[in-house]
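Here chain A shows up in two complexes: once beside chain B, once beside chain C.
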Partner chain A sequence: MVDELLFFMEVVVGGLLAGTMYSLVALGFVLIFKASATFNFSQGAMVFFSVLAFCGFMQDFNIPFVLAFILAALLMVVVGLCTERLVLRPLMNASEDTVLMATIGLGYVLEGLAQAAWGVEVRRLDLGIGDFPVPWIADNLKLFISALDIFAGLVAALMIIGLFLLFKYTKIGLGLRAVADDAGAASSIGIPLKHIMLLVWSAAGVVALVAGCMWGARAGVQFALVDLALKALPVLIIGGFSSIPGAIVGGLIIGATEKVLEVYIGPFFGGAIEGWAPYVLAIFFLLYRPEGLFGEKIIRRV
Partner chain B sequence: MKPVFMTYTKKDLINLAVCMVLSVLVIPTFITTEYWYTSILIPWLCLALATIGQQVVMGYTGQLALGAAGFMAAGAFAMFNLILRVPDLGFVGSLIVSGLIAAAFGILFGLPSLKVRGIYLMVATLASQFFIIWMIDKFGWFKNYDSSGIITAQDIVILGKPFTTPLAMYFVCLAVTTVLTLLAMNMARGSTGRNWMAVRDMDIAAESMGVSLLKTKVQAFAISAFYCGVAGALFAFCYLKSLEPVAFDIKLSFKILFMCILGGLGTINGAFIGAAFILLFPVLLNAIGNNVFHGAIDATIISSIEQVIFGGLMIIFMIYEPLGMAKLWENIKQKLSLKLQSSNNKDLKSSLSKKS
Partner chain C sequence: MSNSSANILDIKNIEVRYDDVILALHDVSLKVPKGKVVALLGANGAGKSTTLKAVSTMLASERGKVTNGSIEYDGNSINKQTPSQMVGLGMVQVLEGRRCFGHLTVEENIISGAYSRKLSKGDINQELEKIYTYFIRLKERRKSQAAFTSGGEQQMIAVARAMMAKPKMLLLDEPTMGLAPQLVAEIFNIVKELNTKEGVSILLAEQNTNVALKNSDYGYIIETGRVMLDGTAESLLNDDKVKELYLGISKKGRKNFRDVLKEESLKKRSN
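Now for the complex of A and B:
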């Protein structure tokens, strides 16, 4: 009985920590949605693009780890700048759906560019943190929890606290929230819309890079990262599109549920239900709470 | 213009006649290489049909859906099982029933559209994509317990006659696509289509005008999935000639989405233009890579460039012409006719001034 309980605990904790990895991806979506009310479908592609660039700098040009990370982050700022100039500004007054489709296009561009520049083969990314159980926890608590999972959890927590403080207590954060609420009104009282957009897209790019590093260290840097990033969508639906705490709670819920379902119900159906379980969970959430756990209520005017 | 037959105007009938002459007489007499049929014309017709399905739900009803390939898979595997287990149904009967089975899935996964829209709905439809593929993959019954994972599609037999040559398969696809395209045009122009568009433009306003949202949305999803299902069955039986769930992954869904958007949302001919463009462009790019650069550029780089161009085009179209290539074509036609008119006027004026 104790063993079963321990095993269940292990599954849940492993799921929760894996869920923080989804949260990291979802965080990038939330940042952009919060500040510009546009849904950036290319976030998954940004994850792939940034981490592939990071790997490329390290492995092809032998640039040291820290410098390569900074270079990749700068590259994401450039991507943000180009996106703001070339995609968002011309679409300033377009409908939500139009912008969404344009970001799907942007995702394609980024995926293609990344593969054209750094090739299609799977790259290994070594962060210096192993993806194996921490011996200390395994000995004392009898739980097998990967060190990488714990590290990802810590990074996610730090980033979320940082962003939360930024949004809540700084002048920039206030500007961001004002722009999200009503871009026209915000710009009319003198909030520099362009700078805000650039800032947000760069921040989302850096978040994508961090998320990409975590995923890359676990699953290898490869195209499948884009599909994995799609799982951030149900996370967002559960947590709410405009809530930073929502992104983390949604990620935890998805991570834990998906693992528990896979371990306890999966075997009856031949496994691999992880592939669709998060989406079905999201549908149920949509039916009862379309705005998500922490989202603002959706009000549509006729 | 006044309709001559059902909702079709005289212009439509002329267009239809031209298309029929082109596809039935001109193409078979001038194109004799099998490559064109097996690699371009047949997939073009199948994917155009699936794109019409996507158009119904996205272009006409305004619901962002991203699960076309899932419904195609449902149609393809339903077809395989129907021919295998209910041989009395015949090819055409099986095709219709497999479309209906896909439509049932469409209704099931279309239900969330009653509550949510936009990106929320997109996520809900992604569930259908992943669920259907998983279901086919995990339950051996659908694949007739074949362990290899790739099943060979049965030969097409209609009324006792085999249709196995590329040309014959092309005619099968052509016939099905023509009938369904005409039906789609008829629906889009009739009250059904007007309801769809009313819901697209403003669902709450439509509802207050007495359009039933439940009926309209569910109907659109069912019809869309029917088209995708039939297209998937044709895609598997005429083009791939094999069935594997991987062929209908999310990438195909995105491809159909691109065909739909680049072709022109809310147009039937846009489906054909979009499908042709997405299919032919890589062929062209490969040809340039092979002939101009003589294979100096790696094939993976070419496919990456192709992706960049598709994405870039998507952005450009969203900025400058959100209604896609069909609208572009429309604009060109309009400009030409205006020019023609103005030049006619000039002639008239000059002849008048000469007279005076």
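Now for the complex of A and C:
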């Protein structure tokens, strides 16, 4: 009985921690959705592009780890800059659907550029943290929890705190929240949309890099990261597209439920339900709580 | 108003189209003298909002364009400006329907108006205190989320927010829409105060002809995208056509709807 409970705990905790990795990817989507009310389909490509560049800097040019990370982060700021100037500004007055289509195109461009620059083979990324159970926790709590999962959880927590402080207490953060509420009113009082766009795309790029490092360290840096990022979709539906806490909690819920379902219900379906179970959960949310757990309710006065 | 340098805003024969096709303004010319309040009056769809958005250059975001005529603000053409540049030049529009940032607090809303100015925290607080002297009600509610304040308070937030940008000229689009008469008076008192104490020139779009003219220096009446009539506020208030069509006063001396009802009830009794 105790063993079973411990096993259940292990599944849940493992799921929660794996969920933080979903949260990290979802965070990038939320940033852009807040500012432009657009689902950024190129977020997955940004994850792939950024982490491949990071590996490329380290492995092809022998640049040290920290410097390579900073370079990759700067590269993502440049990508944000180019995106604002070349894609978003010309589409400034276009409909949200047009911008959505543009992000799909942007995704293909980034995927192509990444592979042209750094090649197509799967790369190994070593963060210096192994993807194996931490001995101390295994000995004392009898739980087998991966060190990488714990690290990802800590990094996710730090990113959230950082973003929260940025939004709550800085001028540009206030600008972003204003734009998220009413872009027209924000521009009527002189908040320049282009600065806000630049900020969110750069921030989303850096978040993509961090998420890419976590996923890359686990599954290898490869093209599949692009599709994996789409796992963020059910996370966002559950958490709410415009909420940063929502992205986190949504990620945790998806991570934990998919693991629990896989272990306990999976065998009845012949296993591998991890891939689609989150989407089923998302459908229930769409039916009963379409704004998600933390999504901002649309407030309209007539 | 012959001396052009005395006008902060000078609109000459503008024509505006949306989506290159829909003609919203045929021919609108108007002037706002420095330090004055000018009312732009007309029914729904007459072109009041379009005129204001042409001035603040917000038209572009709604796929509208000035296709003819010229607009001069403070002696310069506003041709190639963006809305945030106009704010930098001291021209701020308060959009129709208040448009507060609902998820921000009242105070955050007001502070966001100072975004275009480079102010220190101390300066912002000083400005804020000054603004609260005009909007006493908002100071009490500073920590509430804007979405949960009343319509009148939201209108005050919108004007206070615009004032944080330190405008030389305010464009107010139907500031009294949907407000109770008492609040209408309160809003107009504040607007008048801002005009006299801060020296802000004001162009005001309103459907509430009577109150608007009583608080303005000059008025323009537009219909279907054309200026039909203009004159000093006083002359318009006394104009027979304006009385008949916009103020609901006929020559028989009915003052308002209540008087009409009174007359009718008297008739019934005498029958």
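In this section, the second predicted complex is superposed on the first by the 297 of 302 C-alpha atoms of A that agree within 3 Å, B and C clash if a C-alpha of one lies under 4 Å from a C-alpha of the other, contacts with A are read in each partner's own complex, and residues count from 1 in each chain.
Basically, contacts are C-beta pairs under 8 Å (C-beta built on N, C-alpha and C of every residue); 3 or more make two chains touch, one makes a residue touch a chain.
Quick caveat, the model's predicted, so the values are computed rather than measured.
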{"item": "Superposition on chain A - do chain B and chain C clash or fit", "value": "fit"}
{"item": "Contact breadth on chain A, by residue count: chain C or chain B", "value": "B"}
{"item": "Which superposed partner A:106 touches (first chain B, second chain C, both, neither)", "value": "first"}
{"item": "First, second, both or neither for A:272, with chain B first and chain C second", "value": "first"}
{"item": "Touching partner for A:280 - first (chain B), second (chain C), both, neither", "value": "first"}
{"item": "Contacts of A:190 with chain B and chain C, given as first, second, both or neither", "value": "second"}
{"item": "Partner chain(s) touched by A:12 [first = chain B, second = chain C, both, neither]", "value": "neither"}
{"item": "Closest Cα approach, chain C to chain B, once both complexes are overlaid on chain A (Å)", "value": "14"}
{"item": "Those residues of chain A which chain B touches in one complex and chain C touches in the other", "value": "none"}
{"item": "Chain A-touching residues of chain B, taken from the complex the two chains share", "value": "62, 64, 112, 115-116, 118-120, 122-124, 126-127, 130-131, 134, 137-139, 202, 204-205, 250, 254, 257, 261, 300-301, 303-315, 318-319, 322"}
{"item": "In the complex with chain C, residue positions of chain A that touch it", "value": "92-93, 171, 174-175, 177-178, 180-182, 184-193, 296, 299, 301"}
{"item": "Residue ranges of chain A in contact with chain B within the complex", "value": "39, 41, 86-87, 90-91, 94, 96-102, 104-113, 115-116, 119-120, 227, 230, 233-234, 237, 241, 269-273, 275-276, 279-280, 282-283, 286-287, 290, 300, 302"}
{"item": "Chain C to chain A touching residues, read off their complex", "value": "56, 58, 60-63, 82-84, 86-88, 92-95, 97-104, 108, 111-113, 115-116, 147, 151, 154, 158, 161-162, 164-165"}
